[in-house]
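Reading through the C-alpha cells given below for one structure.
Chain IDs A, B, C, D, E, F, G and H follow the sequence of writing; residue 1 opens each chain.
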Amino acid sequence: MTDVDLTGARRVATFAPDLLQSTEHHLCPGCGHPVAWRLLVEVLAELELVDRSIGVVGHGCYTQIITIADVEFLQCLHGRAPAVATGVKRMLPEHAIYTIQGDGDMVSEGLAEVLHAAARGESITCLMLNNGVFGDTGGQMTAATTVGQRTKTDLGGRTAAEHGHPIDVPEIVASFPGVAYVARGAVDKPNAVARTRRYLREAFASQLAGEGFSLVEVLTMCPTGWAVPTDQGAQYQRDQMNPTFPIGELRPRRPSAVAAPQDA
Amino acid sequence: MTDVDLTGARRVATFAPDLLQSTEHHLCPGCGHPVAWRLLVEVLAELELVDRSIGVVGHGCYTQIITIADVEFLQCLHGRAPAVATGVKRMLPEHAIYTIQGDGDMVSEGLAEVLHAAARGESITCLMLNNGVFGDTGGQMTAATTVGQRTKTDLGGRTAAEHGHPIDVPEIVASFPGVAYVARGAVDKPNAVARTRRYLREAFASQLAGEGFSLVEVLTMCPTGWAVPTDQGAQYQRDQMNPTFPIGELRPRRPSAVAAPQDA
Amino acid sequence: MTARGTVVMALDRCKGCGLCVPVCRPGALEMTDERNAKGYVLPQLLDGCTGCRACAEVCPDFVFEVYRFDIGPAELTGSMMEVVE
Amino acid sequence: MTARGTVVMALDRCKGCGLCVPVCRPGALEMTDERNAKGYVLPQLLDGCTGCRACAEVCPDFVFEVYRFDIGPAELTGSMMEVVE
Amino acid sequence: MTLVLREGYDAIAAAAVDCGCRFFSGYPMLPFTGLLDSFARELPRTGGVLIQADTEIEGANMALGAAATGARAATGSTGQGIALMQETIAEAALNELPLVVFNVARGQQDYFQATRGGGWGDYRTITLAPASVVEAAELTTLAFELADEWMTPVILYADHMIGFTQMTIEQRPADAVKPAPEKPWKLDGRSGGTGRSKVIWTWRQGKHNTPGPGPNLHWQNVAEKYELAQREARHVARDVDDAEVVVVSFGTTAAFVDYVVDELRADGHRIGTFRPVTLWPFPSDALGEIVLGDACKVVLVHELNAGQMIDDVRLAVEGAKPVHAIGGVSQDESGMRQGDLLQIDIIRTRLLDAMTGSTR
Amino acid sequence: MTLVLREGYDAIAAAAVDCGCRFFSGYPMLPFTGLLDSFARELPRTGGVLIQADTEIEGANMALGAAATGARAATGSTGQGIALMQETIAEAALNELPLVVFNVARGQQDYFQATRGGGWGDYRTITLAPASVVEAAELTTLAFELADEWMTPVILYADHMIGFTQMTIEQRPADAVKPAPEKPWKLDGRSGGTGRSKVIWTWRQGKHNTPGPGPNLHWQNVAEKYELAQREARHVARDVDDAEVVVVSFGTTAAFVDYVVDELRADGHRIGTFRPVTLWPFPSDALGEIVLGDACKVVLVHELNAGQMIDDVRLAVEGAKPVHAIGGVSQDESGMRQGDLLQIDIIRTRLLDAMTGSTR
Amino acid sequence: MTDDRRDVIFTGIGGQGVQLCSKVLANAAVAAGHHVMLSSYFGGEMRGGRTEATVITRDQPVDLPPIVPRLDALIVLHPAFLDDALPRLVAAPLIVADTWAWTDPSNPPPPARVVPVPAREIAADLGMPVAAGLALVGAFVALTGVADDAALATATRQLVPPHRAAALEANLAALTAGADAVRGTPVGIGS
Amino acid sequence: MTDDRRDVIFTGIGGQGVQLCSKVLANAAVAAGHHVMLSSYFGGEMRGGRTEATVITRDQPVDLPPIVPRLDALIVLHPAFLDDALPRLVAAPLIVADTWAWTDPSNPPPPARVVPVPAREIAADLGMPVAAGLALVGAFVALTGVADDAALATATRQLVPPHRAAALEANLAALTAGADAVRGTPVGIGS
C-alpha cells in the first residue's frame, strides 16, 4: 500500500465496493471486465437490490465474478442465460433478474436465446460484455468481432470476405416492440465508465418498473485476445470497435412506459 | 377433368410444372404452401438450375415438397437448414443452394442459424414460408405470429402482453452488410404470386452472381392453424399478417453488387 | 359473348378451398354443391373466362389448365407464364 | 502547489496494465520500472493529483483509493460516486 | 372415491400441478404437444406458469432456472427434442437441480438416451416408465418427489399411447395440491450482501469467503449419490415364481406382453413377466433374484428397438441364464408411433418360438 | 523414413487432410480449440474449407451438409459441446452420412455419450479411442475410412494429453493426400429433372416416382448394418496369456496402466492389460476369450469416471470371472483435465489392493 | 338380463362423430360407476378416413394394453373400414350396426349376435343426420346396461357445449330412440 | 562414453523459456534420428508460475504415457518448483542445473550425478539473460550425446524466427558455451 499523508482528506473513492468479497481476480492485466463488475455491484447496491437480485451468468472470462461478488448467482450453460433468467424471473417476478454474458456467449452461442427473450418482452436485464473475442478460449473471433479487429483467428484482422460481418444485437433488439431499454457503454475512460453506470441504473429501473426487456452492452478491452499491449487496449478499442458499435442509448426508456400497458 | 372445347385454344398455363412428379399432395385445403412450391420449381427451371441445385429442407408441412419435386433435396433437422446449406455450398460453390423453411423452423427453432449465416454473408438463398404457426404440429403460435393472429395456442389471437411480439427476420437480415437480397412475397392473390416469382428469381440470380446471402419470405395461408374457413384464408392473411409483414423488397440487389467486392 | 379463354379443371384433386373464386375477375368461377370422390365441394366454370390464369396462380392443388382463344395456337410448355401486374 | 487530492494505491495487486496513466488529466501518474511480487511493473503518484477518481474508475484491479483535501472530512462509504461528465 | 375419465396427457399434467409443479416450458413436437396443451390448461388453476418456448434448449433452460428458485418445474419433448436437451439435463444433474423431464416418445428407442444420456460428466437420470395412464399419473408425482429427494433430473418416459388414451382415475381431493418442500439451497436473492451469498454452478468452486469442494470432489459426491439412488429401483413382476420363461419389457409394450403372457399362462405355459418401472436405476437385484431361481430357464426381452434395455437385463443376469431378444425396430409408417411388434399375434409367435428354441 | 515431431492436434489434422478430409467446422472450446487451430493450418494445403462455426450445433450441421455432397467432412468439440450435437449425430447415422466427430475430451466421462449416445432412434457411432499421438493419427485415417465404409458417424475420442503432447511420427510421403472414394449416393444436383432425383432424409420415404422403404424398414436396415459393424472391433492385449489379473482401460489412461503393469510384471506378477481401441463396437469376443481362459482369475477396470465402460466389460465377461472397478471420478482442480487417478503410485496401489483382495 | 359383452369398438369414417359417440358411452359408463378405458384412432387428415374408438368398461381398474387386442362388441357407423375392425373381435361378439351399414349378414358367422338399428332413419327424422351414431350408442347401452339413461344424459350434456342446445336435444332424442329400437331384443347368442 | 540418462524433465518458472529449451532439445534429438516425445505443463496465466517440460528420447518408437511417470534426468532453470520435479526422478538421475539454482547439494542424495553449469553468467555475458536455459541444453546434449552440434543448431534455427537473427546468434552461442562448460566432465554415478 502506498504511504500518503491523509490528514484532512475526505475519501471520495474506495478501492472496491463492499459487495466484492475480494479485490483479487485472475483476469489478465488490462482486462476491461472487472470495471464492468464493479459498476454492476455498485448499481445493485444503489438500487437496494442486493438481497433481491439473482445474476445468471454465462461462460467467459467474466464468469469469475460469481466467485467474488456478494450477491446470488446461477452459473448456467454457455449462451443460455436469457432462457434460464426467464425461468427464474417468472418464479420471482419482484426480483431483479439479470444475465452477465460476453459477446461470444450472447452473439455466437446464445443468439437465439437473447433475441427470443427480447421478443417476448421478458422482464429481465441482459448485460453483454463485448470484447469481440472469445477471451476465455484464447481470443478467437466471435459473431461480434468488428471488421478489421485482431483476434487469434486472424491476427491480420477480421475480413468481411472471409468471415462476414459482426451482428449488432443491441441494435436488433432496440427495434423490438417489447423492449424497454437498450444502451451501449464502455469502460475505456472515466466518462464512459460513468455513462455505463447510468445505463445500468436505467436498465434495472426499467425492469423494476415492469417496462419490459432491457439490455446493456459494455465494450471491454481484451488486450490478450487482441494481442495488443495492455496500455494500448483502451485506444485500440476506441479506434477499432467504437465506430461499429457507438456508445449511447439505442433505446431510451419511454416516459410513458410505466403508465401505458405494453400490449397492442 | 372438366370437358371443354379447346378448338383454336392456346394453352397459357399448365396444371403444374413438369418438375413436379405428382400433382397430389396431402396438405390441407386452402394451404398456401403448394403455390410457393410451384413458384420455386418454376424459377429453378427458368434459371436452368434443375441439375445443379440442392434444396435443404426443414421440418414443417412444406417438407412434403421433397417427395414430389424432381430436384435434389437434403431433408435436415428442424431449424438447421442454413447451417447444413452452408456445408453443402462450400463443397459445391457453383451450385444453387437454398433452404426451404417455415416460420417455426426459421424464426423459432432456427433463429441463430439463419442470422449467423446471413451475417457471414453465406452465398445461399433461404426461403421462409411464413404462415405464423407451427402448421405441422397443430397450429401453435411461433416466434413470427403477428399480434392478434389466431393460433391453436390462443384462439382469441396472440396478445403481446402474454406472448410478446413477432420477430421480423427479413427486416433484421436486410440490415446486415453481407446480405445481397431480401424480399417478402405472398401467394394470396395472382399479383402477389407474380411478384413472389420475381423475388425468387432475383434471389437466385444474386446467389449465382456471388453477391452474398439472400432470403425470400413468402406469406402462406394456413386456414387449419388459424381456424378460419379455407375461402377466407387469403383475406385473413391480408388483414392480419400483411400490416406487420408488408410485401415488397426489403433489400433490393445493388446495381454495383456484381462488380464490387463485398469486403470492407 | 365470345369466350376469350377457358380452363380445364382436374376436379378429382380439387380440395374445395374456394380460393380460385374471388381471384377470377370476370366472375367465371363459382362454388357448387357438387362433391368429388374425396368429398370436397367443387367450383364450376361459368361464362366469361378471359384465360387470365389468376385461378391457376392461386390454386394450391394444381386444378387448372388455362387456354386462350385470342392468340394463335402456339403451345406454351413447362413453366407457367407471368401474370402482367 | 497545494495538493487538491491524493490516492492510496494497493500496488500488491496492480497488474501493470498502464490504463490509469493516460486518464489522469493532471499527469500525476506514471509507470516506473519497479515491480511488485507478482512481477508487474508499477505506476507511481507524482504531484498534482486532484482527487478526480479517474484512475479508480478505469483500474481493473481495484488499486486506487482516492481522497480530496478540498472539502470537509465527510466520508463516503459504499459505492463510488459519479464522475461529472 | 369418485372416478373421472382422463386422457393421459391431462392425467400427467393434473398430477404434476397437484404435487406442486409451478412451471412448465416446452416446444411443440408430436406427440409431446398434447402434454404442452394439458399443462397450459392445468397450470393456471394454481397460478403456475406455462411458457411455450421457442426451442427445446430454451425450454429446458427456462425450467432449470425455475427449478433453481426452489419451485417444482418441468420440461419435456419427444426423444428427438430431448436429444437437444442433453447438455442441459447434465447441467441440472451436476448442479443437483431437481428437474422433471417428460419424454412423450415416438417409441422405445430412447432407452439409452434416458439411462445413459448423451450429456457430459458422470451423471444419471432417474427414469420412470409407466405402462398405463393411471400409472403415468402416479409416477408423475413420484418423479417430482424423487427429483427433490435426490436433487436430480428425473425423466418420465411415456408415449403417445399413454398420452391419447383416456382412463378412469380417482378424482383428486380438493386439497390435492401440495406445496413443494422447502429447499434450503434455493436461490431467492436473500443471501446477497451477507458475506455468504449463494452461488450455484457445476464446478462448485464456491466463493472467496465460502470456497466449495471444487469439481473433483463435487463430481465424486454426485457419483456417490447416484450409487445410493440405486435403492429407488422399482419393478413389477407377474407370475414369476414358477416361471420357466421370464419376459422382460418396459412401458406400454409391457402391457401388451402381459396380455399375451396371461393368455399363454391360461394355456398352461409356465411363463411370467418382469417390468422395470425405473429404467434407471434398473431393478437388477430383483431381476437377478428371480432369474437365479431354479424355475427360470430363459429370459426373453421384448423391446421395440434394436436392443437397448437388453444390456441392463444381461448386466443383471450375468450369464446365469440365457437372455434372448425377441423385439426389434418397429415403427409405423408415419415414423411417429410403434409398429407391428405390439401386435399380440406377433408377440405370441415370438414368445412361443423362443420358448421352443430354448427348451429344445 | 523421416521422422517429424508433431503435436497431437497437428498430427490428427494432418492425417485427416492426408486422407482427403476437405471440410471441418467447429466452435471453440478447451481443449478442443487446439484441433480447430490445427485444421485451420492444415486444410488450406489441399484447398479444404474450415469454418469456425458460431455454435456447436451449426458446426455439426455444416459438416453434415458437406458430407452429403460426398466430401470427407468432420466436426468436433469436447464432451460438453458434443452433448449439443446429439441430435445431429443421430441424424447423420439415420441418414447414413459419413461424418467424423472429434471429441477432444476433458476426461473419460464421455464413454456413455460416445457408445450409447443421447440422440434419437436406433443408431450407433463407431468410436475410436487412441492412447497416443501416433495412434491418434492412425485412427484418424481409420475413422474416415470406417465412416465411408459403414456410412455412419465415427467418433474419435481423444483428450488434451494427446492434443498437447508432441511425438515423432513418420513424415507422410508427398503423395499422401488421397481423394475420398466416389460415393454414388452423394448429392451433386445432377439427378434433378431426370425423374429419379435424389433425396436424403431419415424417414426414407423416397419420392413419388421412386418410393423408399419408409422409416420402419430403413431403420431396421440401419440397425442390421450396425450388427454387421460389430466385426470392426479392435483391441490391444498385452501379456494376457498367463495373466491371472487382466486390467481393462481405454485411451490415454491405458498408457498409464500399461506402464504400471509392466513394472508389476517385472516384479513377477502375472498381470496383463486389455485395451479396447474401438469403444463401440466393444471387442467383447476378444475380451471374453481371454477372460474365459484358465489363467484369468479377475478382471479389473480402470477408467476415470463413475463406471461406464465397466458395463461393456461385464457384458463381455458375462459373470465368468469377477469384475472390479478400480477407477473413479478424477478431475484436476480446473475441471478440464484428468486428476489423480492417472498417478502411477495410485494405480499401482489400487491394482495391488484389488489383486490381494481377489486372491485372498 | 343384459348382454355382458361391453369391450366395444366403434368403426366409422371421419365426419360421423365416432369420437363424440365413444366419449358419450365412456362418460356414461363412468357416471354409472364403472372403470373405463377409451382409445381412439384417427386415420389422418383426410375427410372420410378411417376412424375408430374402443371403450372398455370394468368393475375393477382396467388392466389392458392401450390398444385393446380383442373386443367382444362392435358398433358400426359405416362399413368402409369394417375389415380392420372385425379381426379384432372374439368369436361371439355383440354387433350393433346401422341397418344400412350391415349388408353381409353372414359375416361374422354365428355365434355373433347382430342387432341392426335404423339409426340413419332415426337421425334423419330428428333432422340431424350426424346423430345416427348416438342412436347406436343408445341401443348399445340399452342392450348391455353398461349405463343407465340418466348417466347417458349427463354425459351427453357434458360433452355437447351448452350454446348448442338444439343439437343437444336432438342428440338426447337419438339416444332414446336408439334404445327404444332395441328394447325387448332378446339377449343371447345369434342374430 | 556419454551419459545414457536422457528421459529429462525441465523445471523453471514462466518467462524463462522452458518451452523453447525443451523444443530445441526435442527437435535436435529428432534431427539426430531419434524417436522423441515432448510434453509440457504450463502453470496457468501468471508470470512466474510453474513451468515444466519433459523430453523422452529413444531409438524405438516411444511407448510411454504422455505424462511420463519416472525420469532419469533433470534440467533446472529455477529452483522454485523443484519439489514437484524431484519426486518424479529415478534413484540415480543426471541433474544439469544452473549453478545459482542448485543450493542444496545434499538433495537428491547420491547416486545422483549433479552437473552445475554457470548458465546465468554465460547468458549475461552474451547480453541475453533469457538464453540461460539453452546453455543448460547445450551442456545436457554434450553430456548425453543425445544429439550432435549440427542437429542442435538446425533445431534452434527452425525454432527461432529468422527476423530475430540477433537472438539466434546469442542462442547458438549459449548452446556452445554450455557444452564447453561440461566437456570433460566424467561420466558416471555421483556428483
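In this text, a residue touches a chain if its C-beta (ideal position, glycine included) is under 8 Å from a C-beta of that chain, and two chains touch if they have at least 3 such contacts.
Source: prediction; values computed, not measured.
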Touching subunit B and also subunit D, the following chains: A
Graph separation of subunit E and subunit F (steps between touching chains): 1
Relative to subunit G, chain with the most remote C-alpha centre: H
Which of B-F and B-E has more C-beta contact pairs: B-F
Mean-CA-position distance for subunit G and subunit B (Å): 46
Rounded Å distance, subunit A centre to subunit G centre (Cα mean): 65
Between subunit E and subunit H, centroid-to-centroid distance (C-alpha), Å: 58
Approximate Å spacing (C-alpha centroids) for the pair subunit F, subunit H: 36
Per-residue multi-chain contacts in subunit H, two or more chains: 46
Residues within subunit C bordering two or more other chains: 40
Subunit A: positions in contact with at least two other chains: 24, 28, 108, 111-112, 116, 143, 163
Subunit E partner contacts - residues on subunit F that touch it in the complex: 78-80, 82-84, 86-87, 90, 109-110, 112-113, 115-122, 203, 214-216, 219-220, 223, 226-227, 305-306, 308, 311, 314-315, 317-320, 328-335, 339-340
Subunit F partner contacts - residues on subunit A that touch it in the complex: 79, 104, 108-109, 111, 134, 137-138, 140-143, 153, 163
Subunit A-facing residues of subunit D, complex: 5-13, 15-19, 21-23, 31, 40, 45, 51-54, 56-69, 71-85
Parts of subunit H lying in touch with subunit F, wherever the complex brings them together: 26-27, 30, 33-40, 61-67, 69-70
In the complex, subunit F residues that touch subunit B: 22-23, 25, 49, 51, 53-55, 57-59, 61-71, 73, 87-88, 91, 187-195, 197-203, 205-209
